[in-house]
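Chain lettering (A, B, C and D) follows the sequence in which the chains are written, and residue indices restart at 1 in each chain.
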């Protein structure tokens, strides 16, 4: 992950959100969970600032999309309370692990502010930029 | 618990994890829940750093293995929300209470990063070192 | 402040830092101190992530550049300990208040990672973008 | 940095502290400030647990020994309040940056519990192990 790639991801996510007519926050972290880039669109609910970052943090710390994390950190999952570790994890979609072609984890992206399905769709468009 | 015993436990857990071909974090606390020793193997998911410590913390604060804590600190258990106390407890296995032959609590060990069953197996191997 | 203006400021700061041959973090906040945009260049010291944000936060919370804040929030200044409020303020340069032509506060930018003089120079280049 | 190297550093620091007749905590972080290994000797003041970690964190986040950081984060230094960033930095000796022969930052070690001079001496003995 680097600033140029992260900027391209922010731009792609921002453009996709405008195309869909929604507002979101976008957070990009490196493989060690340090922030690389962030963008908040005007008008988005302010709660989304932290949610976007926590979605990305969940994805990179456990090397799985936050939608998959939801299956294990749930009261009926095999690791109930896992969502209470690491300052609070996010048990719903919108956080994607970013991997290189060889499978190496590069970081994660988190999108929040629209519906969960829209957040995931925007994150996927941005993630494709990384692999292009 | 002391630094020499804790180092021997780290070494035993580290060796067992390598033998099993997995990567983990190992956290050892004394009877007052203060950290004595910690080790993180390269390549382990970063979320395991906090999970290992919280497993050990759960075990020593409630003097029961975290797998047993799971039965009470759960929406269907008899003390639901107990898992939200003390900065967040862990309701799944991998945290073991460490006791002397006379039953006195010496501390706890927490292992995280592999499957829950593997984490428990590694913690048990390390705990045996303490009693040897 | 909005995402488009903030992105243009990030781009300008990023380009200026590359031109100068330094690496920095850039943080942009709105007038309510909420994050709008952030960028971290690869290779910058990791401590700069928080410092860039705190410089911008200092500027917007007290509506003065962090270099000016340094004159009052210092053991020899007229408001010693002011630097310990609001989660910790920053008493050195690199945080600039961003104002519209009519003087209205739009937010703040914080730059950290190079020398204080370089951080200030980069922040100024980015701030000019806003007024263009 | 990896678990085997970090264990060797812990062992070297532990042995040197015993030789000197003092008790300390030793914290080893990787280049992204994530914990790799920790050891607390019995009898050390409990406040040293956090101090050892913060010394190492200061060294790695600013890529300088904590004794050098003291010169800039001080009221008379060029970046007063820098010690209030990143959750609190440490403005005295005992945190050393660990670098490879080519200058690449590998992480940091922090030692606390004895006198500052003794803490530094123990950290240096451990750091030599890394380069051996």
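Note that in this section a residue touches a chain if its C-beta (ideal position, glycine included) is under 8 Å from a C-beta of that chain, and two chains touch if they have at least 3 such contacts.
Please read these numbers as outputs of a predicted model, since none were measured by experiment.
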Remotest chain, chain C as reference, centres from CA atoms: B
Chain A and chain D: spacing of chain centres that average the CA atoms, whole Å: 33
Mean-CA-position distance for chain D and chain C (Å): 30
Separation of the C-alpha centres, chain A versus chain C, in whole Å, is 25
For chain A, which residues are shared contacts with two or more other chains? 32-34
Take each protein chain as a node, join two nodes whenever their chains touch, and name the resulting shape: line, ring, star, complete or other. other
Chain D partner, complex, touching residues on chain B are 1-3, 6-7, 10-11, 14, 34-42, 46, 49
Applying the document's contact rule, which stretches of chain B touch chain A when the two form their complex? 45-47, 50-51, 54, 70, 73-76, 83-84, 88-92, 116
Note: in the complex, chain D contacts chain C through residues 32-33, 60-63, 75, 78-82, 84-87, 89
Enumerate the contact residues on chain D facing chain A in the complex. 32-34
